[in-house]
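Two complexes follow with chain A in common, the first pairing it with chain B and the second with chain C.
Let's look at the complex of A and B:
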């Protein structure tokens, strides 16, 4: 019996193992290609013409691209922070609602997830137009908030729901006021989730192109918009050089800080 | 311990950034107010990436003290969407010719006061008084290019007509641009009509020609066709002039870029001032600056684009570019070339026809 189970189990196991390897290769090949081609001496990305680091030099001089990078970083940090704060507040508020209110509230929070982003973008643009709001950093952050807030709420709400309510009750029993309980018990317990939410929101904001198309304004061309608009004149390995630096940066962040937290949150050990 | 440090650093960074954001926001609005009341020390430009070289912007800033912010867009439609809010904040935009028509129709750009512009005489004849903007009333052409085709003379001796791309002798070695309006330039002109046609029957005729042509094509390609031509994988391909094509024509003597004898087509990206622009004085100063021959020459030397400025040609250092038909097509070649116009309601005929071509 047990022998048969092992036999039938072995073939699918091998297949899934190879499938998994294939998927991993498929996921990482583009990244490797980006890195390799960033050291390309050629003027075009697709043809190899010898090793060179000249595109890193070009990148360091490219003020337009660097200012786009700065805009993206700023917008990413601000919208990730605001979205995570919003997610935390949503989690707190949810506890005070009855079951029906809770369903309605979470439904309205997650609705933007299922509405195509381009619809939200056009809608926001008309709202800004009607209000005669000038497009810029503020509208860009607001647009990114619409996109990131549902994700932040999803993560923080999930983690908060997994918390043992007894911990907060115990804090109250021991004499904590509302603010004290929030600051000393709830937030520390949710720390992992908050960090995971922040990193995810930052990544989403940093790579966003659709919403940025509609909400960016004077002096706020983001990095993805800039790269996309370069397609008309042709991409050079300079973009690969930038991509390589960003990959490196992400690796440092993930290895240095994010990995442990991410795993805990994703595995569900939210109580930590 | 490391976790705490990280979260603290993140928090600190966030707070710093929020503060910075608020500071810039205040600074931004403050300077705008100063500009609108004080006569214009800022200029907000919205342009195609790479078409206004950095060297030009720097030169203008240095000479006038006006601070220029350049944002870039990826399509005319993106730019139109921004302008349609009426509060985009841009003082100068760079629409293509058919978009100039659309922006005029939607009243999103303002008529130019020619008394505030110097150097309009420097423009090449083709760009003075163009069909899409009579008398350059709303726009000043800046750079231009063409749609034609290219061939490799190792398999086609010589070619001057769109018919090459419809010749079954080269079956499986022909490519067309994967772009509706570009395909219809060939389709309309090969059937004896003009590329600007909006006539239902003529477009239907072009559609039939394109459907028939599809059987002998190797494919539709608007990305790496210059390489396919260079390697000989393509005998002939419909092509856009520009950096990518020019490099291949330069490096491979067998590849030739041609404006077809039926006319081909020409496009131009020009400068226009949006309605409600705040720094109009600066915008006029920038247009005048860009019209200077030695400045316009930099569009070719630093930006690898063809300048609409005739007087600039004497100042261009890159003489090879002037001789390269995939950058500067000869005056004779473009004499018959039409500016593609906004097809208006005829757009639906093109779209229906193109769907038919794609589905055949």
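Let's look at the complex of A and C:
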């Protein structure tokens, strides 16, 4: 027994290893279940009735669901792009502020993170109501920006602060005006953070329900809202088929580019 | 910026910089000549970096003016100044290869047609003896190699001035000594004015044509290495560069009368009044009896506390009659007749001493 030699109060390595495996299984079992059940030849999601791909056919015909998917994708792309651009601008602007202004500015940027989303949603809806703005894609994007911008700012500001300030000075010293320095040095150095921010914001926007409930209008139902309403009428394996396709899509993206950068920025596991 | 070839490379006129009410740099007036290797030397926090950043344009002076090559630099943004800086952290761009780092300025300033950039980069890398390293990534280089890349990058556009902030600070001792000679050699080869900042007096003495010694935001002396060492203008300079013994007393221009020790002859024509006599340990001899003191030397009687063997020299610590201590360094051969705890005479040629009033 190695128990005598290891009196550090840590769990034995084998236990830790099994715990880790358990967590992984817990995280991935639902995904596997979704994929399996999408090939279920039954009208209900939870009872297995043999293999079939018919729900993929149903999905391909379901214009309601597909248009909701399209709305979500559009809103996700636009708000992730705007939020990331906003985060970058915030990082640039931060450098020009004094220490007091900096604290105030970053405080107000991150405040929405600790305000319950439902409060933000209600507040935003009142603003739109006061302005007599009709709910639609624009209000949806604005709502998602309120939710995603703090995350984008968190990631991009953090990465910018971690840069050696001498790098940007060196660019200036070697002849870069403001725009050249931004294009040739700042953006390339923040590339990974920008990518991570974009992916995170897209994911947040794509899965968002609360803010969407307040800011979507007629004809701009997002995918989560649509799925949520289907819950009341009864889910079919069509949802699993959609889920499977989304999982596949996510894996392609993550394996393609995101995973390494995402981990590097979020966990700070810098290997370069 | 068109510059005048006969004007000083840098002219600072009563330059000052205030940060939040306190002066980081105060009333600095000095000329840096074309093609000289100039060092700014001083203790940590004395304003060296701030002074340098006002030359590069990263900081605007709060007072006074900066001229570069005879042209006022006020209002000229940093990226339009005909000078480059070597950063203490090197500041190599991690997203670019060695060659792209070196080529950066040529591309940005469009100094050469694209087709010639490759040759220029090879030439610049050869200058710093890094031939063939162009394709490496910056992360693959050692500290010394990074610094060489930074030098190549800073020099490729042939600036008329290169500013180096603690260029050797991050290197180990052996590499430092090597790079000191190397920097000097590169400077001669390219014929560019070098201004380095350092708090290492040995480094400044080895590399520089002239040295500005700073203390508390002011430049307290500008001279050749020999000048600041042999003819320090103040107690601060005498003790910051090398070590010195100080004896305080009253000078009449020929002798300094030190209370409790007597009158010590000093070089003719020195200051009059309250003064400090300063003498370097290596100029002080030690002997066991008064009759061994060479004629004409200033001499002080004391008690030998201890002698420390240093290899090439022996360092003697003496306690003087007024309770003060005096340090002497002699070549190892001269220790005969001295015993720790016994009487000893310290002596020096009057010309080897200095009378300092501040």
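To be clear about the criterion, the second predicted complex is superposed on the first by the 254 of 272 C-alpha atoms of A that agree within 3 Å, B and C clash if a C-alpha of one lies under 4 Å from a C-alpha of the other, contacts with A are read in each partner's own complex, and residues count from 1 in each chain.
In this text, a residue touches a chain if its C-beta (ideal position, glycine included) is under 8 Å from a C-beta of that chain, and two chains touch if they have at least 3 such contacts.
Note that the coordinates shown come from a computational prediction; the quantities given were computed from them, not determined experimentally.
Peer 1: Check chain A with both chain B and chain C modelled on it and let me know: fit or clash.
Peer 2: After superposition on chain A, which the two structures share, chain B sits beside chain C with no clash.
Peer 1: With both complexes superposed on chain A, which partner does A:132 reach: first (chain B), second (chain C), both or neither?
Peer 2: first
Peer 1: Could you say whether A:191 touches chain B, chain C, both of them, or neither, answering first, second, both or neither?
Peer 2: both
Peer 1: Figure out whether A:35 sits in contact with chain B (first) or chain C (second), or with both, or with neither.
Peer 2: In the superposition, A:35 contacts neither chain B nor chain C.
Peer 1: Go through the superposed model and pick first if A:175 touches only chain B, second if only chain C, both, or neither.
Peer 2: second
Peer 1: Looking at A:92, would you say it contacts chain B, chain C, both, or neither? Reply first, second, both or neither.
Peer 2: The answer is neither, since A:92 touches no partner chain.
Peer 1: With the two complexes superposed on chain A, say which partner A:246 touches: chain B (first), chain C (second), both, or neither.
Peer 2: A:246: touches no partner chain.
Peer 1: Hey, in the superposed model, what angle do you get at chain A between chain B and chain C, Cα centres, nearest 10 degrees?
Peer 2: Between the chain B and chain C centres, as viewed from chain A, the angle is 160 degrees.
Peer 1: Looking at chain A, does chain B or chain C touch a larger number of its residues?
Peer 2: B
Peer 1: Return first, second, both or neither, reflecting whether A:218 touches chain B, chain C, both chains, or no partner chain.
Peer 2: first
Peer 1: What does the superposition give for the shortest Cα distance from chain B to chain C, in Å?
Peer 2: Least C-alpha distance after superposition: 12 Å.
Peer 1: Looking at chain A, which of its residues have contacts with both chain B and chain C?
Peer 2: Dual-contact residues (chain A): 191.
Peer 1: Which chain A residues qualify as touching chain B in the complex?
Peer 2: Answer in residue numbers: 43-44, 46-47, 63-64, 74, 77-78, 80-81, 122, 125-126, 128-129, 132-138, 141, 191, 194-195, 198, 213-214, 216-221, 225-226, 228-234, 256-257, 260-261.
Peer 1: Contact residues on chain A for chain C in the complex?
Peer 2: Result: residues 164, 166-167, 169-177, 180, 184-185, 188-189, 191, 272 of chain A touch chain C.
Peer 1: Hey, which residues of chain B end up touching chain A in the complex?
Peer 2: Counting only chain B, the residues touching chain A are 2-3, 6-7, 10, 13-14, 17-18, 20-21, 24-25, 28, 44, 48-51, 54, 69-74, 78, 81-82, 84-90, 224, 227, 242-244, 247, 303-304.
Peer 1: Tell me, which parts of chain C touch chain A in their complex?
Peer 2: 56, 58, 78-79, 84-85, 87-89, 91, 93-95, 104-105, 108-109, 139, 153-154, 157
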